[in-house]
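Shared chain: chain A. Partners: chain B in the first complex, chain C in the second.
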Partner chain A sequence: MSLQETSLPAPGRDLRLPFGLALAALAASAPLLLGSYALHAVIISLIFLLPAHGLNLLVGYTGLLSLAQAAFFGVGAYVSALMAVHWGTPFYLNLPAAGLVAGALALPLAIPALRLRATSFVMCTLGFVIIGQAIAKNWISVTRGDMGLSAIPKPHFAIGPASFTVNGTTEFYYLALAVAALATAIVWMIVTSPAGRNMVAIRENETLAESVGIPTWHYKLLVFMVSAAFAGVGGSVYAHYLTVVSPLTFQMSYSTLMLIIVLGGGPGTISGVILGSLLFVGLSEALRIAPELRMIAYGFCLLALVFWFPKGFTPLIERFWTAIGGRS
Partner chain B sequence: MLFQLSEQIVNGLVTGSVYAIVAVGMTMIFGVLRAINFAHGEYYMLGTFGAWVAIEYFDLPYPLSVAIGVIATALIAMVVGQLVMRRMVGMPAEAGVLATLGLALILQNTVILVFGGGYKFFNGGYIEPVTVFGISLAEQRLLIIVICALVFVGLELMVTHSRIGKAMRAVSQNIECCAVVGIEVRKVVVATFVLGAALAALSGVLTAPVNVSVYGGMGELITFKTLPIIIMGGLGNVRGTFFAAMILGIAESLVATYVGLQFRDTVGFATLMLVLMWRPHGLFSAQARY
Partner chain C sequence: MTGLPILDIAGLSKSYGAVKAVNGVDLQVHRGEICGLIGPNGSGKSTFFDCSSGLTRPNSGTVKLDGQEITGWSLNRIAREGRMLRSFQKTVTFGALNVEENLVIAGQMFTFPSIAATFGIGARSRARIDGLRERARELIRISGLWEVRNQPAGNLSGGQQKLIQFASMLMPEPKLILLDEPMAGINPKLIERVVDSVRYANDQLGVSFLIIEHNIDVIISLCRRVVVLDQGRKLAEGTPSEIVDNQAVREAYLGG
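Right, the complex of A and B next:
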């Protein structure tokens, strides 16, 4: 795209600023527009956006299909919950701690896993989730097993004498929005940096990337760790939002949901993943009236995605974008 | 002590046989399609439900209900194969994951929608105990081992002697070459898929009298048990899958007895990850198909 921009005069107007402002205004006024249940759905989709961003770095930019996100999501949730319940540490400490622990834990897991190819790698990452759940269920002295950890305090901020507890849905929405916006900014910085271009090179042709001097092995390790850290942060917000964690946080269906967000939204694009999380999490939370019918519809949606929108829903956004006269 | 051990190994062989019959279908489908079938356990569930309906609503004897369960599943698989699986030839791995996950959701939730989500009692099968070499086990368990042996002998004969079997082997080795020499790849894919689904259904109906309860979500667990088996067995490798299933069956039954029942469902993936650490391509070669 950038090549085209230098060689041809751009046809459309630059709509990025007005469009961005409109989206920001929409995001800021969402609590006024939505009912409390719809707002809850949006919060959940903002939480899932975090592991999905991480997974996008892995699947969309580096080309590694992983189902491990739910394992690190669970690790983040449990780290956060244990710290809050046992040590009474505040949210703003638990959040980075959850990301750091999940990211650090990813290193010893990634070293054997990344030696595997294709299907074996996918299965190995799925194994992390299954084993994580077994640990959460059976290490009863720490995790309290199936009972899970409850009464995790809501986020609480105190600066000097002023203090503020994030209690209601609206307050939590702004907190989740802030975390999600920060994460989106970080992902944007990563993918537009030279490191991001190297990741794409690995995705396109790993052997060629290696031959031009990109340390592919270290890149893959690092991206795996970063994506785990994103999932850990997501887990932390999740734990503090629901105030309970249970072994079900380690769920294969969470991993597949995160994968659906990325592949359905548009792998290798940031806007696609944001749209994907609103679409696949928010919408499905909002349609919770008939659970079986909802899952059947969801299944058909996936089939439609595979056969009619193999690149996710981003091409639709792009078409809309050019239709209103914007340039990319 | 030794007696208990041998009893557990026999139990493991029964479980292994159940897994082997399901996994062999999945590995053959992977062979021709290069896609992991996340919906494979759902055909196991469909078979069981078919037989349960035959017994519960039509009062049919167990052997007939086995046939009905398997045939009903094969018909459903034929529709799914024509509509979905044949279009997946040559698609990237991500597409296969999404499509089969979608199928799993559709199949599982349709069954729950129609029959309700609760546990159902499966009233059939041969549960009288018999004694073989001093170990007593239910007739049904013996039947499972015998049928598993028959299935694998039958598959071996089919892929070496019949035309369609040879075509399956050829497609799993090289799709382009098959298309060049005039093998109808999509037809072979659908045939393999229907065969695999029918085998999964057979395994489900055979196990139902042992497990006693039947419910809509039962396929998921089977899918998760099967995935490590087909990787360990060397994707697409039928004999490897057989041995991997037996190893896993025995390992599960030993872990359940000597370590703790709660760890049983983790054995598969734990073993898989240990195996992959020293043999990244699984225990058996993925090059040697069949």
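Right, the complex of A and C next:
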């Protein structure tokens, strides 16, 4: 019996379940392992993972480079903040509403933008962020301008007589983790479905995709909307975590950060983007110890990345997976 | 050649600025036929294809597929609803995806009729995907691509990519296929395989063909009827031997 076992070349084992359980255990015990500042950095990473997931659908799977994510992130944050402050609606209502409004708003923006060719499209999406910030600054009767909206309540859940407020960092960590896990599951479902395969076909060759019957125009519109909805949900979590929103939520640097997460992590892969959001947001937070040098150091890290890992972290993850004996 | 033609094009015209690329061309493809379309470079063959297949909009004229007018339909709608597929002169595949995925994608839109259905979860949609994979594997075997089925299509030779493209077009059980220079840039051995594939699809699957091709031997061996374009107009139409003997056709090719 043992002879037969040893004579076979070791086949790749299906390590998804044990590895997944190990990751889940690690994620569950993070508050015990990390200090409160590090935990805060992880929460911000999990929040930025949401728009990054959406952007990955657009850039990594469908092949459309967009800088508009921060605009929809800001829209989601403001929708949540306004609803919570003016109507007192709970978090679990504000979150889907932020996603829906951001997704719906993406449609009229996408229709003209997607008619443009690659570089013009990127410029146009950049414009959305600038317009968003201008509106947040100047529509003072609604947004209170530069003062922003404050005293956004922390998420509060009430089921019958039982109620629970997500107050501390640890509690918020679990909430952000749950939202991020749900979003990851949705992305996984999309990209492994026939629709996901059609998106990759559009990325690879749009005309050929069209010639095998894929309505590429409708697909691009839908993916842009879904991508915006993810950003809106991220903005909602962000607003409820920080409890303030300001025009700075519409920040160009947020769009670039989201793009760095996707391109640096590994476009067209889910694990790469998760790792990317932890590393790049974490790095940015960690570098706060040297505020004067922070952006310079960040820039050097990015340069090192593009020279050593031009395809993002995906090849690294794959090598790790093979090293521990996993099946591809 | 009885009954309604599968493809009936009347008075098709397309201009680019002052250049009349296609100028009032009529053309029919009959059910079950392999029809050839030849002409010197710049005679408007490719523009004619682009206008018929929905890639570009013609300035005037009508395109009828199986009796239904499809003028102005988009490329994806003509493929999906009309089951008329086309190849491209430049060999194209979904390069980063393997051969099997290429074929599965080519069949998806016909198995999942709506965008909503493409998200369908559950046993039924999984069964549909399994069915697609089965059909893809069968076509891969017939096309002689079995050994390379798990390789990215972009890594394969130009000839192999042509075979992938051809096999992809057979995924949705098409009525009519437009081939744009299927033999361009491939070696003689593969030419035979592509010719065999066209014959197989025509005989066994009942697919009609309209083929643009410069290799006159291929046209003679495959087609019973050939249409000649020159300077955007139809110059001649007839059996391959009539065309080869036609004085005007010889002048168009030689006199340029």
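Keep in mind that, in the parts below, the second predicted complex is superposed on the first by the 318 of 328 C-alpha atoms of A that agree within 3 Å, B and C clash if a C-alpha of one lies under 4 Å from a C-alpha of the other, contacts with A are read in each partner's own complex, and residues count from 1 in each chain.
Keep this in mind: a residue touches a chain if its C-beta (ideal position, glycine included) is under 8 Å from a C-beta of that chain, and two chains touch if they have at least 3 such contacts.
Everything numeric in this text was worked out from a predicted model, so none of it was measured.
In the superposition on chain A, A:His218 contacts chain C only, with no contact to chain B. Look at A:Val122: by the touch rule set out above, it reaches chain B but stays clear of chain C. Within the superposed three-chain arrangement, the count of touched residues of chain A is higher for B, of the candidates chain B and chain C. Of the two partner chains placed by the overlay, only chain B lies in contact with A:Leu303; chain C stays clear of it.
Contact with chain B, but none with chain C, is seen for A:Ile260 once the two complexes are overlaid on the shared chain.
In the superposed pair of complexes, A:Glu204 makes contact with chain C only, with no contact to chain B. By the touch criterion stated above, A:Arg319 is placed in contact with neither chain B nor chain C.
Once the two complexes are laid over each other on the shared chain, residue contacts for A:Pro194 go to chain C alone; chain B is not touched. Comparing the two interfaces of chain A, the one with chain B and the one with chain C have no residue in common. Of all residues in chain C, only 53, 55, 74-77, 79-80, 85-86, 88, 92-97, 101, 104-106, 108-112, 115, 118-119, 121, 125, 129, 168, 171-172 touch chain A in the complex they form.
On the side of chain A, the complex with chain C involves touching residues 189-190, 193-195, 197-198, 200-201, 204-205, 207-216, 218-219, 222.
Chain A meets chain B in the complex at residues 59, 65, 112, 115-120, 122-124, 126-127, 130-131, 134, 137-138, 252, 256, 259-260, 263-264, 267, 291-293, 295-296, 298-303, 305-307, 310.
By the touch criterion given at the top, residues 30, 36, 84, 87-88, 91, 93-95, 97-99, 101-106, 108-110, 112-113, 117, 224, 227-228, 231, 235, 260, 262-263, 265-266, 269-270, 272-273, 276-277, 280-282 of chain B touch chain A in their complex.
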